[in-house]
Amino acid sequence: MSDLNYDRQIDRSKMQIGSEVAIEISEMNKWYGTFHVLRDINLTVNSGERIVICGPSGSGKSTLIRCINRLEEHQAGRIVVDGTELTNDLKNIDKIRSEVGMCFQHFNLFPHLTILENCTLAPIWVRKTPKKEAIETAMHYLEKVKIPDQANKYPGQLSGGQQQRVAIARSLCMKPRIMLFDEPTSALDPEMIKEVLDTMIELAEEGMTMICVTHEMGFARQVANRVIFMDEGQIVEQNEPEEFFNNPKSERTKLFLSQILGH
Amino acid sequence: MTILTDPPKESFRLSMLIYDTRYRSLTFQAITAAVLALCIWYLGNNLIQNLRAAGLNIAFDFLGDPSGYDINQRLVEYDSQSTHARAALVGLLNTVLVAFLACVTATVFGVIAGVLRLSNNWLVSKLMAAYVEIFRNIPVLIWIIIIFTIMTAVLPGPRAFRGDDPASSMLFGSFAFTNRGIYTPMPWFESGFFASASLNWLVVLAGLVVSWIVSRRITAWATAKQEATGVRPKTMLPVLAVWLVPFLVLMLVMGLTWEIPALKGFNFQGGIKIGGPLIALWFALSIYTGAFIAENVRAGIQAISKGQTEAAAALGLRPRRVMNLVVLPQALRVIIPPLISQYLNITKNSSLAIAVGYADITATLGGITLNQTGRAIESVLLLMLFYLTASLLISFGMNLYNASVKLKER
Amino acid sequence: MKKSVILGALTVAGLAAGAAAAGTLDDVKARGKLNCGVTTGLVGFAAPDANGNWDGFDVGVCRAVAAAVLGDPNAVEFVPTTGKTRFTALASGEIDMLARNTTWTFSRDVDLKFEFVGVNYYDGQGFMIPKELGVSSAKELDGATVCIQTGTTTELNLADFFRANNISYEPVPIETNAEAQQQFLAGACDVYTTDASGLAATRATFENPGDYAVLPEIISKEPLGPLVRHGDNEWGDVVRWTLNALIASEELGVTSANLEEMAKGTSNPEINRMMGTEGSLGEMLGLDADWAKRAIAAGGNYGELFAKNIGEETPVGLARGLNAQWKNGGLLYSPPFR
Amino acid sequence: MSDQTSTSVAFVAKDTIPPSPPPGRETGIVKWLRENLFSNIPNSILTIVSLYVIFIVLKNTMPWIVNGVWTTSSLSQCREVLNGETGACFSVLTERWNQLLYGFKYPVDQYWRPNLALLLMIVAAAPVLFFDLPRKLLLFTAVYPFLAYWLIWGGSVYVPLIALLGFVAATVVFQTFGKGSFAIGFFGAIVAAFVVWMVGGALIPETASENALLSPVPSRDLGGFMLNLMLGATCVSLSLPIGIVLALGRQSDMPLIKWVCVIFIEFVRGVPLITLLFVASVMLSYFFPPESSVDLFLRVVIMITMFASAYIAEVIRGGLAALPKGQYEAADSIGLAYPQAMRLIILPQALKISIPGIVNVAVGLFKDTTLVSVISMFDLVGMIRGPILASTEWNGVYWELLGFAALLFFIVCYGISQYSQWLERRLATDHR
């Protein structure tokens, strides 16, 4: 992946890291059948942190963030999101899901609903927001991601980059405190990657807590305050971006970075 | 604007008929037309010669003659003095009846089996897989015969209900399951508004329509309320009341009573009879086609990528809402076109009614009428015309639907 | 006349029979086989046995014709037909004659353009009921459920009978005899109606035939006989007189046992004419002198055929009744061989 | 890491954590049961209901099957042997085995012929069904129809031989002249075939079939399950080329050809097969020349082939539509004429995509061959409903016979549909 150079100045002033803990994962283990996919994961995320997770495919990055909003079930250890522990209790799951937004690699917009309906669906049915209010919120966020004029089109009529921005807006409409990004740009063409990353940067500038699985190292360098490298289901190395990229400690990290940046 | 000059005039050559794109297509079509005309002429000529040799002609006036036979199930007035055309009409309505009933139940079977097949309960999903495979891979004719045989052999004859200590007794004293069919109580009105039973039923129907309108109003009100406040009021009880209360009041006022079937003479008399052949054919078609529909439903649900469910779940929607708001609206688009073609198949397969003695149009017009009058060509032509019309109507409906729900794409 | 190898090949394979317009008799001779339409299976009249050999009363007529025309009672292709397909099969030339319990009626003879060559069985439609119902007359059947084999005149007779007596019934039309029987035995219908001979044949196969009775009423006349296409009178004559030879031989006392002896010449000129020792009847038919002898040799005379297939000694157990010779009070009356 | 300000953040794993087995409750049969059968209350109820259903079915059928009688020669003997107990009378299957499989007229000493034909059919079908087999085997597939025809119907070997020669001549002519002009090659091939057939037909001696190596068997004598298989195989293979032509015709931009195909396809798909069989049994004879009559088997084959080709045309049309437009454009752009483009580029790909659909049509059609029993042909169902149930010995044996028929069809159809699913999976990976 190439380093992207942004022609805009990134405002780090608001990117303050708070003191309260947003996510706490301790001794978390997960198996797919007998395959040990996540091994002894310990991770604490404070509010306002911007974390980038990278690693070779199959290393468990996606599984890790999907555990955070319980798209996957973990079998051992604890996950606490905003003081609520993830258990089998449906109430807890609902609470956590309405506070954690997520963007997927393949956008997963609902093709049978318009852009606006995509954005108002969850606020209306989950948050019980009046429709008018939900529409106002949706338009607000659609303006934020710069596609208000597409509100009445269907997802199939939009480009990939636009779709991903809609997906971000859709999550934001739930006013989440934490955003998870699962390789949001890897299904996109280069010029579209930029528009999506811009949206993400804006989000970061507003102080959103973000965990992002991505291979966009330029983004990691400039936005993240922490980079985590995973391999074979465990966290191999984590550090501040400068240090992580310039001075990796682990052999596996070095190998990975040389492959991903080395050309 | 440039002025176009005429292309240089080409003298027409014979080879242009094949090699010139302007004439090529015309040539081929002319050849086709000629071959087609030749075939039609040949077949028609043979037909005329054969008919002349046999001293027959093609005429449809036999349809106006009295049919001379009786039909056990008839939705319109009919007796043996009615015309052959009327007999065909009785058969036609019977075809429509069994096809309609089978479409409804096949859908129910299919949806249940299709959804259960995706269940995470291993046993249930395997059981449903077995159902689908067994029924899909055995000819429907065999199923129709097997189910008819089961009905005949397993259910008791009316004789079994006779005597002081009968071998069988009626369920709740009012339902009789016999191998001639199922007899159920028939509702009628003691103090109805009109003398005619059908007018009274029209009143009931009107009442139901009113209930429907009111319940629609309630739903609309709930939606409006939700849009305004965000909270959707619980409408289940009011809606239930709107449906039930007027209905019950109407029934009470009109003095609803039940005519219980009772064994008199050879058969149960009174009540509603659902004939054995109808049940066998109906059930066989439903369960056979249900297996196909189950596969369509499964494919439809599976066609909705896991990402859709996950995205909806990640937004905090509960599983039931995920199903209603995200998966079903999309799955239906995938399911309905093959579903309609299954309905077409049911309509066509209902022609196997003759294997169980159900008086559908194939059995009346294409069976007894054909036999008694010997008008084979006319009867078969009419029969095909009917099925063709039915199929085209159903396909037409399907195309309209498809056009209306097509996903918009770039 | 070879059109192309395709048609030729099909003919060779028996897929298509190139029937020239010359006349059925010549066709049959040229082909070396008689195509005879029979029912798909009615015990005693026409049914294939475990080895696929057709056997029965109607089959006997087919074999007699084949023996008379071709000299070999086994030179018959039996073509099973249903009530629906029988007339088309005959009209289209797929079969040369139809010997399937088919009732001789005006419209079939005149309107459908067939020719009934005689009657080989005088039948009538009857009713069979389980004895436990305690019914002794068909007039007591008000409200009964009646199984009928569809595609025959029985449906019309049934409607007429109940209408004439102003009583109601519920018909259950069934395709095959076996299925009608299954319905009847299971009690899905109270009554089974078909030709009295068919009732007897069906009852013969029951586990407990004694539990069922045939009601005394015979509601219709059902003269069953072989038929051929209209217009081919030579062929019609062959079938007609083969049938008559079977009937007459019983009357004249010619049986398969004394056939050889009779053929040597007797004092009865009619027997002699029939056997070909006197006159030239065979020649007039377009056959040889021995034709009737072979027809009788095929399965015996009418009486022998009857006794062997449907008589009182067989499971079907039919009495001669109307089908006795006219001298014995029956209706069998062959025109003279003169 | 010494100069890091946020030391709390920096972390390097010291060693690799080895994979460990999942916790105890996550393994073994207990977990499997908990997850798959009793994960929650509704699921547990479903499980119990299912178990009950299975129990009921087994309870009712097992004694019947286990007590089955295999060696008697009539139903009444069966009843004697069973002596009032529940039990099946499978003797009907053993006693009428040959009739169920071959019909009641096929000569018993000739059963090896259809058997061999069936065996060879598997060999002939193999290269079509499995692409990995050597393409040379297709040569046998091409010869097979003639061989099978000769095996089953017997008679003079010249008939299928000359028919085959006609096709060979047509191929040769087409290969020679078709390169120059498709039209010349095409019409030349037709003419060549007819010349060979005419000349060959005239050369066949009239008596050829009488002293043939294989005694001739009339098609009326075919029956039982063999008849179902033959009707299915014949009609599907005949309907393939017709279906291709119809599908191409429906896509044609010549209005007349297009509409002829559309009307044919929609008409045939709009009526039930049984009405077409009625046409075969009561109507079609009137359309043949007055002096000839075509027997029921051929008439039925004609109608079922019509029926199948309409359905196959629709499947192939789907395959043609699924091909990317680029393939058509690429074929045009390298200068291929329409017939060449179809034959070399489009059809091979479209047919490959369509195979699962075609197999499904074939299975459906094979099941539908049972309908011929309605028009008095003695296929498997016809044998059961006709001669066997009408016979004195076996009158009343329904379950055993119907169950046997169902089982036979299930084995064949399930086998074919499993193949089709395998193929679909394979095609899905091929196209990646």
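Think of it as A, B, C and D in the order they're written, each chain with its own count starting at 1.
Keep this in mind: a residue touches a chain if its C-beta (ideal position, glycine included) is under 8 Å from a C-beta of that chain, and two chains touch if they have at least 3 such contacts.
Predicted model, so just to flag it, every value in this text is computed and none were measured.
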item	value
Chain pair with more C-beta contacts, B-D versus A-D	B-D
Of all other chains, the one whose Cα centre sits farthest from chain A	C
Chain centre separation (chain A, chain D; CA means) in Å	52
Whole-Å gap between the CA centroids of chain A and chain C	88
Cα-centroid distance, chain B relative to chain D, in whole angstrom	27
Cα-centroid distance, chain B relative to chain C, in whole angstrom	43
Where chain A touches two or more other chains, by residue	none
Where chain D touches two or more other chains at once, by residue number	278, 282-283, 285-286, 290, 374, 385, 398
Residues within chain B bordering two or more other chains	50, 149, 153, 354-355, 370, 376
Touching pairs - complete list by chain label	A-B, A-D, B-C, B-D, C-D
Interface residues, chain D side, partner chain B - complex	32, 35-37, 39, 43, 46-47, 50-51, 53-54, 183, 253-257, 260, 266-267, 269-275, 278-279, 282-283, 285-290, 363, 367-368, 370-371, 373-374, 381, 385, 398-399, 402, 405-406, 409-410, 413-414, 417
Residue numbers on chain B that touch chain A, as the complex places them	226-232, 305, 307-308, 310-318, 321, 325-326, 329-330, 333, 407-410
Touch list for chain D against partner chain A, complex	1, 4, 6, 9-13, 16-17, 19-23, 26-27
Of chain B, residues touching chain D in the complex	18, 25, 28-29, 32-33, 36, 43, 46-47, 49-51, 53, 116, 119-124, 127, 133-134, 136-142, 145-146, 149, 153, 348-349, 351-352, 354-355, 362, 366, 370, 376-377, 380, 383-384, 387-388, 390-392, 395
For the chain B and chain C complex, residues of the former touching the latter	50, 54-56, 68-72, 79-81, 149, 152-153, 156-160, 179-180, 264-267, 269, 276-277, 354-355, 357, 359, 363, 367-368, 370-372, 374, 376
